[in-house]
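The structure appears below as structure tokens.
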Amino acid sequence: MDRGIPPDKVIITVAQTGAITNKSLNPNVPEQPAEIADSAYDCYNEGAAICHIHARDASGENTSEIGIFRDIHGRIREKCNLILQDSTGGGPNLSQEERIRCLDAGPEMASLNMGTLMRVSGPYKGIPWSNMPQEIDYYVGEMAKRGIKPEMEVYSHAMLAEVRRLIADGLVGKPYYVNMVLGMRYQGAEPATPDTLASMVRQLPAEAIFNCTAVGSAQTSLGTMAMIMGGCVRVGLEDNIYYRKGELAESNAQLVARMARIARELGKEPATPDEARQYLGLKNI
Amino acid sequence: MDRGIPPDKVIITVAQTGAITNKSLNPNVPEQPAEIADSAYDCYNEGAAICHIHARDASGENTSEIGIFRDIHGRIREKCNLILQDSTGGGPNLSQEERIRCLDAGPEMASLNMGTLMRVSGPYKGIPWSNMPQEIDYYVGEMAKRGIKPEMEVYSHAMLAEVRRLIADGLVGKPYYVNMVLGMRYQGAEPATPDTLASMVRQLPAEAIFNCTAVGSAQTSLGTMAMIMGGCVRVGLEDNIYYRKGELAESNAQLVARMARIARELGKEPATPDEARQYLGLKNI
Amino acid sequence: MDRGIPPDKVIITVAQTGAITNKSLNPNVPEQPAEIADSAYDCYNEGAAICHIHARDASGENTSEIGIFRDIHGRIREKCNLILQDSTGGGPNLSQEERIRCLDAGPEMASLNMGTLMRVSGPYKGIPWSNMPQEIDYYVGEMAKRGIKPEMEVYSHAMLAEVRRLIADGLVGKPYYVNMVLGMRYQGAEPATPDTLASMVRQLPAEAIFNCTAVGSAQTSLGTMAMIMGGCVRVGLEDNIYYRKGELAESNAQLVARMARIARELGKEPATPDEARQYLGLKNI
Amino acid sequence: MDRGIPPDKVIITVAQTGAITNKSLNPNVPEQPAEIADSAYDCYNEGAAICHIHARDASGENTSEIGIFRDIHGRIREKCNLILQDSTGGGPNLSQEERIRCLDAGPEMASLNMGTLMRVSGPYKGIPWSNMPQEIDYYVGEMAKRGIKPEMEVYSHAMLAEVRRLIADGLVGKPYYVNMVLGMRYQGAEPATPDTLASMVRQLPAEAIFNCTAVGSAQTSLGTMAMIMGGCVRVGLEDNIYYRKGELAESNAQLVARMARIARELGKEPATPDEARQYLGLKNI
């Protein structure tokens, strides 16, 4: 099986919903299972291969309810073969125990934060958003049991230390999939700048495939730079609610479509879900 | 007068002809003054602000004939207000004395190589393509007398030493305009890779505006990365005869148009020639 | 007044005691005021200019007792003119309110952590060692009122964001004094490697003077590299209890003496306390 | 056989004579075979493992005379087992054909420049000091026939391209031994700064052992930084005639002794010649 991303391909992930954005910030954020599935299908048609999933309850609050994850999965699978990647970051109102429940909904991938950030404002100010080393080990162990590929999320150079530790301890398999999340307004996160991206890419372990998630207005530009550096890219309303300065995005698919157009201008074709499964060594292929 | 490039603008330079590409490699390379001017006008309409100019004689050979430079300038100026930037790199068949003659044709800018490269193949193999420090000083002096802005061309980290020397000696004025030419197949040139570009940008002097000229298939991708890093970009058949793998470019304008599309996807508008004059502090504005 | 460090000088800081090392790890750790002062005087004689101070109570536990800080200060001042720099990191058993009390003892400088680390083992496992942005602002404000120069301690690239914020908000004065602490075994801290040091130095703000504190066996080597890069260096039993592999250090002065010898081999003379006051712009000079 | 340098070892090379320094610049430069051998033995006693050799005729001019190289080799071998590394850079008065003759004297190693520099002053101004790719290939081929290990000398990021080419073409064997020569006052050479050293080390191929030769006053400091980064170091009067500012070095051994002292302060022991043979995979071991 081939590993790694061919130079003429790019894996586009869409993060549609998130834990913090909502309809009051942008009415086009999909929150309920049917909305999420309809929007996911549009993104699939525009070039997305992976769908990063957060679940909300009927009131729009973050939830770990396994039934809702299953509902979202089922509805998307009816429409297309997108890779389903559940968030274990969940949301600030969810406990560690709650955040891991989604694994039982049977995603092919799950995101996993490689450390701790401090919230500096809002109702959760001063409360760490944390995965301690033991928690990280527990989460990757649970994923391993279920054949779920972890997307290791790093918000800083420092968090790469946990990635190196997991590799050294043999707790994650090749190809290592690292998502660099830049620009979060938390203490401990690094800014979404070209210099930060280039510097972190230089420190990646060998045989890592990287993804770039730039939060806010740099979503398109840093994602493009990541593609040029041989990486993958995540877009979507979770990370950025605008299409351009002062103009709310109409949909997740609008953001996917733009990234797909840029990819093609650069000579790269968005990978299909099955191509992405092959590159990432997912079990289902 | 404002200096520097606003974050929502990019200066696109087109290098249409060059010294080595020709109609046998791509029949769409413009060589004669009327062709060059027509093509330049198309590029202007697609978003180019600066036209980098090499002259050819009637047989297609590189020439320093001042009359031909004047003819090209006149024909372009009839059509549009593109900034005219003559090459003092000329071509391998031209002597140092010949290469400087174009300054008398009255361009607003002129390119100037910051050192020496060794040709490793072809009829000029083993002959240095050289500007020694004294020659560089002479060239910038002649440009200064005529109010011509030098575009300092660097093919390597090492050539940045000449840029620093010119600045330290007060021989060039702000904003310093540095063109990074990456991917030339000469000994002494560095490859067109994201790492090289990022590393050289880090070593730029303060108050430098940079341009990126990636030779060959990386033209679009590294030029895009340069824009994302706050720089400018050069495209054109001089540096790259293909539109995509295996497909010759139809025209210079086709390459400019693609870069302008990418710029707009990234939230940047190509600067008009007069905007570029302002950003670069050119005399004519 | 001159700012910045002349290339033939280096400021050596000694961190003698710390919050975690103690006599059971190395019997030569000075804990009580008289010990601390005697050891400080030895370090002064070997080339230290700044003494970084933690206080312990009679049982050896970290304390914020102002009387003990005053006792330490008084005893050192009787012997020599070392710059006194109190730690506001204190120790894991001290609250935010307690950690700031030392400012009333009248040090010339005080250290201040630029963010949050997570302890991964021991009795304080899972408890953040934290300065949130508001706390940082409060601390620098209190220092400013008293004419105390902050040493901004950064354990990661991410913490440089707080340094940039303080500068942008005008909360700290030039020259900015940044201490890079590398190699702490906390989540959120970066390793003591040449690559991390070089990368963080590249991201320093202009007009920053930097100090390097490498924890553990890299203390001497990374401190030396920092001197070569134009920075300053901190040594001492707080950060490293060994003189070489398997051999406990005999004293803080032994570690200072080695760094002073290396500095002189490299053509640098340890700055006297008064020279350091001048370079750092301290009030007392 | 083990390859690579153990972290507690460093290979010190001494470059005693060079092509440009001479007794008029520093009377302690050894030029004649007996002087060179006596000085080499002193350096061996101080910790050098490799002796880099240039030969002079009776008048002190650079020579390619095989008899003189053999005389030097024989005299050194009588005294000690230093690794003999002849220079194929020779000197500006020697032709390509002359510069390779030393290989017949049977050194274990030979230096080889990975490209071209332009002399900017003196009698050879404007004349390239050049190894073109074909010449490099010829030289490494001749070395391979004789079992001589090339030391690939790079003066710039750009010259690393030739190293990569040789590796890709299988023309050199592991461990690749790369000498970074920084600070030469030739066009095409990069300055002896920490940033240049760190940047070039990052671009080294895997399985490369590197050596640092800093020309001029940075010899000690950049050599020390190289050791800290895991590399090796070259010192000697060829590259630096001063012991400290304004004070000529008394001997090559004085410079070796200082570097050995610094190495030991940093916990590294100078490798013996036989240890270095093992680390570099030389034939004679």
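Per-chain numbering from 1; labels A, B, C and D assigned in written order.
We adopt the following convention: a residue touches a chain if its C-beta (ideal position, glycine included) is under 8 Å from a C-beta of that chain, and two chains touch if they have at least 3 such contacts.
In this text, all values refer to a predicted model and were calculated from it rather than measured experimentally.
Most remote from chain B, judged by the distance between CA-atom centroids, is C.
In this assembly, the C-alpha centroid of chain A lies 40 Å from the C-alpha centroid of chain B.
Chain A and chain D, compared by their mean Cα positions, are separated by 50 Å.
Under the contact definition stated at the top, the residues of chain D that touch 2 or more other chains are 195, 202. If you check each pair of chains against the touch rule, the ones that pass are A-B, A-C, B-D, C-D.
The touching residues of chain B, counted against chain A in their complex, run 194-195, 198, 202, 217, 220-222, 224-225, 228-230, 244-245, 258, 261-262, 265-267. The residues of chain C lying in touch with chain A in their complex are 115-116, 118, 120, 125-126, 128, 130, 132-133, 155-158, 161-162, 187-191, 195-196, 199, 203.
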